[in-house]
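Labels run A, B, C and D following the written order; every chain starts at residue 1.
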Amino acid sequence: MPAYKKTARQEQLGNTQIRIPARNGDITIGAGNCTIIAGPCSVESRDKYLEVAMLIKDMGVDILRGGAYKPRTSPYSFAGLEEEGLKILAEARDLTGLPVVTEVMDPRELDKVTYYCDMIQIGSRNMQNFALLKEVGRAQKPVVLKRGLAATVEEWLLACEYILNAGNEKVILCERGIRTFEKMMRNTVDIAAVALVKELSHLPVLVDPSHGTGIRSLVAPVSRAAIAAGADGLMIEVHQNPDQALSDGEQSLTPEMFSSLAKDIRKIEQLKVS
Amino acid sequence: MPAYKKTARQEQLGNTQIRIPARNGDITIGAGNCTIIAGPCSVESRDKYLEVAMLIKDMGVDILRGGAYKPRTSPYSFAGLEEEGLKILAEARDLTGLPVVTEVMDPRELDKVTYYCDMIQIGSRNMQNFALLKEVGRAQKPVVLKRGLAATVEEWLLACEYILNAGNEKVILCERGIRTFEKMMRNTVDIAAVALVKELSHLPVLVDPSHGTGIRSLVAPVSRAAIAAGADGLMIEVHQNPDQALSDGEQSLTPEMFSSLAKDIRKIEQLKVS
Amino acid sequence: MPAYKKTARQEQLGNTQIRIPARNGDITIGAGNCTIIAGPCSVESRDKYLEVAMLIKDMGVDILRGGAYKPRTSPYSFAGLEEEGLKILAEARDLTGLPVVTEVMDPRELDKVTYYCDMIQIGSRNMQNFALLKEVGRAQKPVVLKRGLAATVEEWLLACEYILNAGNEKVILCERGIRTFEKMMRNTVDIAAVALVKELSHLPVLVDPSHGTGIRSLVAPVSRAAIAAGADGLMIEVHQNPDQALSDGEQSLTPEMFSSLAKDIRKIEQLKVS
Amino acid sequence: MPAYKKTARQEQLGNTQIRIPARNGDITIGAGNCTIIAGPCSVESRDKYLEVAMLIKDMGVDILRGGAYKPRTSPYSFAGLEEEGLKILAEARDLTGLPVVTEVMDPRELDKVTYYCDMIQIGSRNMQNFALLKEVGRAQKPVVLKRGLAATVEEWLLACEYILNAGNEKVILCERGIRTFEKMMRNTVDIAAVALVKELSHLPVLVDPSHGTGIRSLVAPVSRAAIAAGADGLMIEVHQNPDQALSDGEQSLTPEMFSSLAKDIRKIEQLKVS
């Protein structure tokens, strides 16, 4: 038995499926399908967020994303609209019928985030923020746990174990690229880790090709690869005007690019082998 | 124009296709298909090599692989049968009608390798062995250039440029995993680099999921991912009895596993999107 | 002007010196001397902590360390005595006359930590826990900011900038090894980063050779190297019985080893070559 | 017993000392002293090389360095004067009375290199060029074996074992920085590896702070750190006019900077602790 107990494949028969209630129809993650989470990096303004949400809502997206609290390397960068951003996310949910997910960085903000949103995200910088992990472990909402920039697969599963051990079993892992020596891309997507984690754990695994590569043109091929490797879904940045995005513009798809990718994904999904 | 000139996408219209003559029908790499190279890590003996070659020859393999000169971390490990191994490879070609590829490590052995084999491989440890690169640049046979363990994409393309600049334009790149902090897998397959190199260069790109992961059960999902990301082929280790292999047993597929994977690959290949 | 403004060397003439009041005589970090912080990884019990504190107090230690809140990879590992541990640290200060430093992981615990201790530590896993950085930026006590496992020098200085920008200028950087492919050691001490950060910033820089190497026998040579490279101090794990330590035993020095190292350090310190 | 046998500390009592005959007095590496190897990256022309050799010959240098065969990432970069460069090195030896060391990249050039030079260098890109390692193992001259960019300490010692096992016991290891995610410096000097290798092996260990950092101002602090950590010597790039160097100018010291550093080194050397 590995050090991560509740997270381990041996813990149960079959894969964990996580259901997220939604007006348009509940979303299930981990049922052999491909869940597509999409939206802009940050909620930049009410108008812009609602606009992109409406643009993509019928393009195959299952869950809307958008950052209200943004972890930024520099204290002088745009760090999100905070509670105002959460309210916009809730409004987008009402408008589109789709559930919304956003990142939480501070245990003191968790109640607000769970009040407004349907799913919580722990970002890669906080993968070993154990105070935060324990706190989301007490929450009732599903949690997306991104892999840390330099986290081994074992550390990632143990971070997951913190959440399960605190009582929240609705955890979805997300591979978002690790830090290596390669300079042309923002990170290195560890595609084999997706298959490895599916072997080691019963939990669903997503891939974030946007942060994983940092390059718009690589989002589609890496998304296809993720599904082919067995990922349960994707987390993709989409912006109606990437060149004017306040963060991550160079890795965001336009709605048109996203629509085309989503169609490809649905084709590969049907083909699911072995 | 990037520093790698002849290797650059801008150098020509369309993708380079590389034809390898074979009795069973010529093999073309880079024509939108998926070329499958398979065989054991090392040529361990005449009997064992011919046996596995016959076992897999009708399972979808396009080119047979096998090491005659093996780069081994320790001077006390089995380092291949050398010229004897080359002769066995040639015999396997005659027997199966399939072309054969093997690694060359020393410029002084190149003539022998090109005499017996149809395609030459430069291993990851020798990606920046410039004396060897220049020498294979003067050879008439196609060259598979594996990415170095810690080579950036740019360094890899520049290593390629050494071969093209010396006169040999039949170069196939091969991503085989880079070295990172992750400990559970032998290397980290850089799947996005496959798509990136296809953008930057007109040359075909393969993926080696066997060295890339070092774990048998990950070979199939990573192979599927490679094709979905746009790779032009795969290089897969197959051994009739992996547990008794003299090298790389834990990452070798059995012929049965290989047969099943090759079928999956052909399905994904047909689906090729965009 | 770099992106880190207040942290930048250009911001002021000369180096920042940070004074920590203490009954035995105030400690100044960054005045060309070598400040030695030592003690066990965790405060394991009152008896054991006070014992080791008394054992090392006259061996050249300037500041006592000990973890009350321990970041542990697994939720099932010993995670510290929490507030009870803080009280023991305060008692050790009263007993020895030396200031004490401990790690804080949760913004909600900061008040308690600053109440009991003289200096706050942000661990490597929390280097980009921006909520915590902003909170310690509002505290009145000096802060040791450890470099993240995979943080570039620029990211480290920008994390530092979060604290300075929030109002706390008493920040000491601490290089504690980065994560690389090397497996024999726990981390790779980036010795050149010490000199580089001294060029780029006016703030003092420490080195933690215990976490940096994970190997007891390497603590002394790396400590000497750190001082020779220009570090302003060291953070060293010492345990009266390393083999029975609840955490990090294999990298802890015995008091005797520490005493011998401290003497060497004082010799190199005198020699300081610009 | 580790996998590297002849290289292992257990193989003999005491440290290996390697003597290099020279007109000015033989040089011994590994006798508790600090051997300083210095000179420009490349032999650029007869005039320039002899000029810098004369400039630095009385500044504390023990052995002159200079590249005749240069491993260059791009095939379009200056790759050295080849045999012409070897002749210039030999002339510099005659002029200064100091021994000379240069890199060999191709087994076919080894005889020429050993004919003209006193010590052979295997560069980091060729650390696992096993054909070359076996060939220098048959040579009579001492060999400096640089650590590969992504080589673990164990792989480095096993590469060394290739040379010893082929019959040449005069091997000096050289740490020159490993490749990591850090971008500000060319490489990351693994200072702890110096101490670790001194524990694991009886062979001498040098440090190359020029390639290790890629930044001129970091060469002095890293050199001091290397000696303090127990290194047996340094390999330093010096150029009379770094801004006009054909390679590695930004990491080369001027003769004046080198002279000042060499004096510091001699001070730390005398102090050698433990």
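As a convention for this text, a contact is a pair of C-beta atoms (placed from the backbone, for glycine too) under 8 Å apart; a residue touches a chain by one contact, two chains touch by 3 or more.
Since the model is a prediction, treat every value here as computed from it, not as a measurement.
Engineer: From subunit A, which chain is the farthest off, judged by mean CA positions?
Structural biologist: With centres defined by C-alpha atoms, farthest from subunit A sits D.
Engineer: Determine which of the two chain pairs, A-D or B-D, is joined by the larger number of C-beta pairs in contact.
Structural biologist: Between the chain pairs A-D and B-D, B-D carries more contacts.
Engineer: Roughly how many whole angstrom separate the Cα centroids of subunit A and subunit D?
Structural biologist: So the centre of subunit A lies 48 Å away from the centre of subunit D.
Engineer: So what's the Cα centroid distance for subunit B and subunit D, whole Å?
Structural biologist: Those two chain centres are 34 Å apart.
Engineer: Show the residues in subunit C shared as contacts by 2 or more other chains, in ascending order.
Structural biologist: Counting only residues that touch two or more other chains, subunit C contributes 150, 179-181, 183.
Engineer: Sort out for me which residues of subunit C touch subunit A in the complex.
Structural biologist: It is residues 3-5, 71-76, 79, 105-109, 125-126, 128-131, 148-150, 155, 158, 161-162, 165-166, 179 of subunit C that touch subunit A.
Engineer: Any idea which subunit A residues touch subunit D in the complex?
Structural biologist: 150, 179-181, 183
Engineer: Mind listing the subunit B positions that touch subunit A in their complex?
Structural biologist: Contact set of subunit B toward subunit A: 150, 152-154, 178, 180-185, 188-196, 199, 209, 212-213, 215, 217-218, 220-222, 224-230, 260, 264, 267-268, 271, 273-274.
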